[in-house]
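The next part holds the structures, each set out as structure tokens.
Consider the two complexes below, in which subunit A is the common component and subunit B and subunit C are the respective partners.
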Partner chain A sequence: MAASKVKQDMPPPGGYGPVDYRRNLPRRGLSGYSMFGIGVGILVFGYWRLFRWNRERRRLQIEELEARIALLPLLQAEQDRRTLRMLRENLEEEAVIMKDVPGWKVGEKAFHTDRWVPPVTEELFNLRPREEMLQKKFGFQWYV
Partner chain B sequence: MPGVVEIPTLQELNVEEVNVSSSVLKAAAHHYGSQCDKPNKEFMLCRWEEKDPRKCMKEGTKVNECAVNFFRQIKGNCAESFTEYWTCLDYSNLAELRQCRKQQKAFDSCVLEKLGWERPDLGDLSKVTKVATSRPVPENPYHSRPRPEPNPPIEAELQPSKHGSRLFFWNW
Partner chain C sequence: MPFVDLQSKLGINLDQWLLAQSGEQPQKRAARCHAFQKEWIECAHGIGQNRAKKECNLELEDFYECLHRRKTQQRLYEIRKQKEKMIKEGTYTPPPHHSGNEEARP
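Let's look at the complex of A and B:
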């Protein structure tokens, strides 16, 4: 056979070197306790940050509420004036509408008491378009 | 007692209003709370004691006067920094005060050096205060009828009841 002269893929002269076939499972990395400790440490650090940020949010919320507290007298005064103005206009309209009805007392009290009875929204907005009453009743609602 | 509900006339209700939107009010709120403190507290005290808005019209007028004066002073002195502050607040829907700290600092320093107003610290506006007024405390703000007299004290000797307690079926 002409075997020695054909180019073949033969092992290198002297054979291959030694092959490392042993198990390679090195003991490395942190122990279980320290991993647990690191996890707990991260948790505690996260909680500390959270508590600090919550305190800061509380301070910000107090600031916003104080802005509202400072403005309340102005808003209350304006609201009172608006209610009284609407009542006055309703009274004058009533005088105009019911001037031919016998025995009708314009602006008569509906109750037997002298105290201020806050007017009902439907009665206040009686002579205005329905949208205004709905705005007063549900305008502040953000959800359904 | 049927009668007529008294409502003030439109002439009396005509008061100079503060024509200003909500972000402007919120921007100036802290300084407003510390400057216009007196008429504000008097009005709230009157409102809560009398429980009647018609009796507090004068104090309400004073509140409005103070507010208009306050805004006039700001407009006269610190208009630009205030405009920047409230336009920054107006940018977001919630008008969060913490997003506009830079403009707030500029406005505060301008107001401090020109008008001498200090921004109140956290918690100062929510402190409970005593208000000194010349208005007397209203008696019977709810207009209740006179309360009935208490039962007269029992004169005779009290004996234990015959046949025991009349409560259901116990007989002691």
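Let's look at the complex of A and C:
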């Protein structure tokens, strides 16, 4: 039916232009070796920074320890005073509590020797509420 | 080897460092019952077991007490029991520093 002019979608007169059909895989970017090297370089740089900072932290830690050493006499004296005060209070309370118990010697020592035996936590905190003893024994878990 | 002190003879120290609390400790930190054990060992050394059991009984008792604190615990228990009994009867009230209201001091 060449006589009927049906509107069809036809190519433009003269045909289409040239079509670029070849592969386009350009060689660009770094090679695998250099990428690996960059990764390793970043790692090494990170390690260097870490080691430097760790050395600095060690110096700071040593300074803190030296400050503690300088304060040790004071802390030890306070601790000793506290221990002696608690023992004294326990002794006085024991005298009050056990006055009706027959055959009880107040302040009787459990050792035959005359040496000073550092008291145990249970002994110091015997007459106080149990939480205080537990806090003293187990309250301190770790330094930082 | 029994009866032969091989390590002293050879002048070496293979495992004596881990035998007694009173031996040399790392960081030079003494054990809690160092003194008691040292006294007992010094008392009981070289005189045979039968004599040591007779003569060094006090030192042994002190050492045992330091390790286990049996007598101390028993004593503290009796005090506590008597205190609770008296509190139940109403004849005793614990002072403030024994009931959690201690004034804060350095």
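Operating definition for what follows: the second predicted complex is superposed on the first by the 121 of 144 C-alpha atoms of A that agree within 3 Å, B and C clash if a C-alpha of one lies under 4 Å from a C-alpha of the other, contacts with A are read in each partner's own complex, and residues count from 1 in each chain.
Heads up, the rule we're going with is that a contact is a pair of C-beta atoms (placed from the backbone, for glycine too) under 8 Å apart; a residue touches a chain by one contact, two chains touch by 3 or more.
Being a predicted model, the structure only gives us computed values, none of them experimental.
Of the two partner chains placed by superposition, A:L30 touches none, neither subunit B nor subunit C. Of the two partner chains, subunit C is the only one touched by A:N126; subunit B is not. By the touch criterion defined above, A:P73 lies against subunit B but remains apart from subunit C after alignment on the C-alpha atoms of chain A.
Contact with neither subunit B nor subunit C is seen for A:I42 once the two complexes are overlaid on the shared chain.
Within the superposed three-chain model, A:L65 lies in touch with subunit B and out of touch with subunit C [touch as defined at top]. In the overlay built on the shared chain, the residue A:I97 is in contact with subunit C alone; subunit B does not reach it.
Look at A:L50: by the touch rule set out above, it reaches neither subunit B nor subunit C.
Of the two partner chains placed by superposition, A:L134 touches none, neither subunit B nor subunit C.
When both complexes are overlaid on chain A, the residue A:T113 reaches subunit B and subunit C alike.
Touched by subunit B in one complex and by subunit C in the other are residues 78, 89, 108, 112-113, 115 of subunit A.
On the subunit C side of its complex with subunit A, the touching residues are 32, 35-36, 39, 58, 61-62, 65-66, 69, 71-73, 75-76, 78-80, 82-83, 86, 92, 94-95, 97-100, 106. Residues of subunit A that touch subunit C in their complex: 78, 89, 93-94, 96-98, 101, 108, 110-113, 115, 117-118, 120, 122-123, 126-129, 131-132.
Residue ranges of subunit A in contact with subunit B, taken from their complex: 59-60, 62-74, 76-78, 80-81, 83-85, 87-89, 91, 105-109, 112-116.
Of all residues in subunit B, only 1-5, 7-10, 13, 15, 17-18, 25-26, 29-30, 32-34, 39-41, 43-44, 47, 51-54, 56, 59-60, 63-64, 67, 96-98, 120, 122-126, 141-143 touch subunit A in the complex they form.
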